[in-house]
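Two complexes come next, and they have one chain in common, chain A, joined by chain B in the first and chain C in the second.
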Partner chain A sequence: MTNKKQTLTAWLCLLPAIIFLGIFLVYPMIDVFIYSFEEGYNFASQSYFGLGSYNYSYVLHDPYFIQALKNTFIIVLITVPLSTGIALIISLALSSITKLRELFQTIFFLPYVTNTLAVGLVFMILFQKTAYTDGMVNVLINLFGGESIDFIDGPYPAKMFVMCFYTIWVVLPFKILILTSNLASVDPIYYKAAQIDATPKWRVFFKITLPMISPMIFYLAITGFIGAFKAYSDEVALFGTDLNAAGMNTIVGYIYDMLYGNSGGYPSYASAAAIILFAIVFTITVINLLVSEKTVYYQ
Partner chain B sequence: MKIVLENLTKKFPNRDKKMKEDVIAVNSFSHEITDGKLIGLLGPSGCGKSTVLNLISGLEKPTSGKIFFGDDDVTNLPPENRGVGLVFQNYALYPHLNVMENIRFPLENLRGKDKLTKDQMEVKVLETAKLVQIEGLLDRKPGEMSGGQQQRVAIARALVKKPRVLLLDEPLSNLDARLRLQTREELKRIQLETGITTLFVTHDQEEAMSICDSIVVMKEGRIMQHGAPQEVYDHPQNLFVAKFLGTPQINVFKGQIRDGGLFIGKDRVMDVNATAANGANDNRVQKEENIDRVQKKENSIRIQNKENEKTVARDVYVAVRPEGFVAVSDTDLKDILHCDFMKMEVMGRDTSIICTHEAFEGTVIRAIVPSESRPQFIGGEVCFKLKPSKVHVFDAETEEVL
Partner chain C sequence: MSDTKDLEKIEKRDKSIKIVRGAARYLFLTFWALIVLFPFYWMIITSFKSYSSYNSEYVPRLIITSPTLQNYVSAFTEVSLGRYLINTFIFTVITTAIMLVIVVLSAFAFSRLEFPGKNIVFALFLSLMMIPNELVIITNYVTITDLGLRNSFPGLVLPSVISVFYIYLLKENFEQIPDELYKAAKVDGTSDMRYLRRVMIPIAKPTIITIIILKVIECWNSYVWPRLITDDESYFLVSNGIQEIRENGFGRENIPAMMAAVVAISVPLMALFLIFRKKIMAGVARGGTKG
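Up next, the complex of A and B:
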């Protein structure tokens, strides 16, 4: 077969994938990018006044967006390292026990198959404080002599605490699952070699275990960052749909509101916010990759 | 450091949970390893040799029995306190560390009075790297090296902390044939230079015989025989050892002792001088006499015959080393083994004559004769005289040497 023919075959094979990706991924992305520069876009007449960067300047000066940006960053910076760390500790504990290990593994994985909104409802009940009744958490706080706090409708730090607690709880099972299987895949011969050489436990962990599972930790960090930046449904589950009023909106929540919320009907602002989010996630991922080159060991 | 193993037994719970019986990997194993020697632990796979190594290293705890390093009882000491160096079969080098870091790893674990400064470590690492001749590869990662180089790094890592005992688990099995030859010489050199008592496990008898001061042949968790390689080869105590040592394998025939002669099938191959049991050492001396007798054109083998049953025929196994056959063209001679000729393989210095015999245990007999004395065959029969020193007679039931 000639080279030309081969190339043709290759393109033909790729065609279905190219068509689908083109229609559902590339075209919308370009479209969003164009939308974000169309000023004064009108949904009904599908017309706009002109092109420019006004949409960006509006979004960046919108206090709701600033709040959403702040919330998102707090959630990302707290939940990603904490959830990964906790998952690692739990996985290490799981892989060092032999009895009841499978039972615990199942229990830790349960939240993953549970619906987010249902879990949110349970969290709301656990943390709430109303005129008539206190949630379980407040009962506990009272028991230790503290004052009831309204975690759902009260001060910002309390709400943020519940938010992070909830996010960590939701993402933990998947990370535990991945890390336990990854820990099990480290060849025990390395531990034997380390034992023969009288290596202290902490050193075995930092010098052998951690480097060996570093690609998976890195994978979890990247997907964790991306996932947390795109958080929205978790916030709705806890604080309802009017996130701006609760002061707990996220960037994705802001985009949604701009499109469909009470203040909806502004696809240009939504597109600008989406592009800003994309830029942030992209930057963070690039930074992650640069850091990983020095710290992650690939076999 | 002298190593003494006393009645060492290791049982593992049976994999098959329905079977209550434990698997006995090592069965009352007693042996003393002389200080500064290179010892080969030899046996087929599954004979428990690696378990013995793991017991000495402390990675496994014995079910019963004791282990001494010199005068110290180390039976209950965890591996980290035993001061052993262990080279694993697949080397177990830390893949994310380079050669330098790998070799330095055991040194960095030293605490208290043994703690070394960075410079001291550097000196030791370089010294050891030089010993195993990898000083040019210190920056490489294990994945960037050949099997032989990784092997050297593994040995260096085991040696750098100056272990009391060096243990090697099938150290050459992952290397190609040429490298294996080279590396085993290297092992011998390193062992001689360091003088560390070294125990190495192998299933390759040639490997063990070529470099070891002494070998221990194991089967099903028990010692079958131990001693200097040549000694074990020349005087196997039982059929298993005879078959296990030597390539090509020893040729085993079903035979009989009757009327003062040794018979293979219908052929009377030599005289038998039965003597009352005197003990193993005596037997050895007598065999050496046998060699003299061959030179005097006498053809007989001496065996110990406890029951002195001269008149009753006794079933035996007759094992003949490939080099124990002397091809003769005169078929009318006395004491001749008649075989059916199949083919001849010329290998330069030697020639293999491949033939069969009705009493042979196995498929084909392989006799190795010097090429210059290779007879020319016309017919389908080949005749051999047997060298008494290369013939071993074992009891048909116990498979012990007679």
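Up next, the complex of A and C:
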């Protein structure tokens, strides 16, 4: 009797979640595969010619997609290792000081609570070279005897540099926070044992600290890879909404451009590109998992 | 004799190594702190510079000589910054409120109630966490467009209200509440909903606050979905707003006014962060994702 009532209550409680998940997560998940195989889909009449893999071959031969693929991989390969490494160094330094520690932690966390688009505009202006000014960063470069470069409309490596620099600036707070709290959770007894044996510092780091926090570093690497493959808003923040023109588009940017905007109206191409992205991310995650089995130390 | 001297020497050397190491650490941390803080400092001082004084500085100056509020006046009068801020505020409040109701109800069902198929449904929910947003956003865009909800608050809010992860987080928390409380409440004839409202929610308040904070940050910064679904400026949120201001606002060169807009957009979250610093950092460490 009461059990029946409880079952009813339970389903009523779950109903809103099930409705929303069904409409905005489960159905679209299935639908995107269907879209990606519908050839010549017309958004206005919602009709298509036939089924096949043409959308995939179109996307894979689109020079804009190739450019986006290249940009995304460069961003991933540069920012993930660098940001994880820098975060580790900063966290180690943070855990070995006591004075001002909280102040530093607060400062380092600030980028997490900022609007990427808004602060990206600041970065753009700092790096941009215009007729009025060389920009703050170029002033610094000149100070050290370098030549002014336009980082926003200039050569590709310069643009990529700002891109990666800003990405690292944005993702560091999360990594520093996670690593600092993880370092604090390592049992001090290991360090004391090492101290008695007069173990050198570098050895303590490689033999105790690193193995103990390796699961967390691995976690950060995986989420870092996934996040970096989905890079998009940071690019818009620096280079504006027309990323193709700037040559700085990413896979996610390509998907949205196909869907909407000046080049939009092609949900089929967008779907195919989204599934290609998903396949890449999935593969990389599996590789990561395989690598981790050999290198990560689990208690 | 010479032994103690050596020892002293070693101790001295040890001490100086320690000092150098400590100094190096602080130097490094300070260096990175400057990189983090500089953009904020720069946008604040620039927002107080007058248009003419900013443009006369070929080498930007890092101090303000004659501060002016003119940029803030322009930011709120010449472009619809106020509109964007109000929109974002409404969007954030509605989305967070609806999400909270859904999350609390689901977490309650999964943690407190017994019903056939509970474990299967929960496993299905968890598996949905793996679906990336990029994959479903295409159909959602078509769905919302077909429903005629483009450029409307329902269109902005509806696909943003669900989060499986927060259901999981709250369920874990609810489960820590001892069964005895529930049984006692049952004996007193308290209904399930009343028990949820009067006992479970107050006990789980810290987790609920964490969830609210994380969602508010997410809403305030959301860019991709609002950009897809709105092209009418009167429904822009701040992220789109700042992009609009940058591309069509004051004219490309009025950087001090743009910076005033950037400051106005950044201040609400910054204030929230400085007030709830400990809670936010603990919350993100527990359940945040970004980057």
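Going forward, the second predicted complex is superposed on the first by the 276 of 299 C-alpha atoms of A that agree within 3 Å, B and C clash if a C-alpha of one lies under 4 Å from a C-alpha of the other, contacts with A are read in each partner's own complex, and residues count from 1 in each chain.
By definition in this document, a contact is a pair of C-beta atoms (placed from the backbone, for glycine too) under 8 Å apart; a residue touches a chain by one contact, two chains touch by 3 or more.
Being a predicted model, the structure only gives us computed values, none of them experimental.
Once both complexes are superposed on chain A, the partners chain B and chain C fit side by side without clashing.
With both structures placed on the common chain, the touch criterion links A:Tyr297 to chain B but leaves chain C unconnected. Chain A is touched at more residues by one of its partners, and among chain B and chain C that partner is C.
In the superposition on chain A, A:Gln195 contacts chain B only, with no contact to chain C. Once the two complexes are laid over each other on the shared chain, residue contacts for A:Arg203 go to chain B alone; chain C is not touched. In the superposition on chain A, A:Leu77 contacts neither chain B nor chain C. Touch criterion met: A:Pro211 reaches chain B, while chain C stays clear of it.
With the two structures overlaid on their shared chain A, chain B and chain C come no closer than 8 Å at the level of C-alpha atoms. Those residues of chain A lying in contact with chain C across their complex are 3, 6-7, 9-11, 13-14, 16-17, 20-21, 23-29, 31-32, 35, 43, 83, 86, 89-90, 93-94, 96-97, 100, 104-119, 121-123, 125-126, 130, 132-136, 139, 167, 169-172, 174-175, 177-178, 181, 223-224, 226-228, 230, 232-233, 236, 240-241, 252, 255-256, 259-260, 267, 270-271, 274-275, 277-278, 281. Only residues 187, 189-190, 192-200, 203, 207-208, 211-212, 297, 299 of chain A touch chain B when the two sit together in their complex.
Interface residues of chain B facing chain A in the complex, by the touch rule stated above, are 57-59, 78-81, 84-86, 88, 90, 92, 94-97, 105-106, 108-111, 143, 157, 161. Within the complex formed with chain A, the residues of chain C that make contact are 22, 25-26, 28-29, 32-33, 35-37, 39-40, 42-43, 55, 57-60, 101-103, 105-106, 108-110, 113-116, 118, 121, 125, 128, 131-132, 134-143, 158-159, 161-162, 164, 167, 192, 217, 220-221, 223-224, 227-228, 238-239, 242-243, 246-247, 253, 255, 258-259, 261-262, 265-266, 269-270, 272-273, 277, 280-281, 284-285, 288-291.
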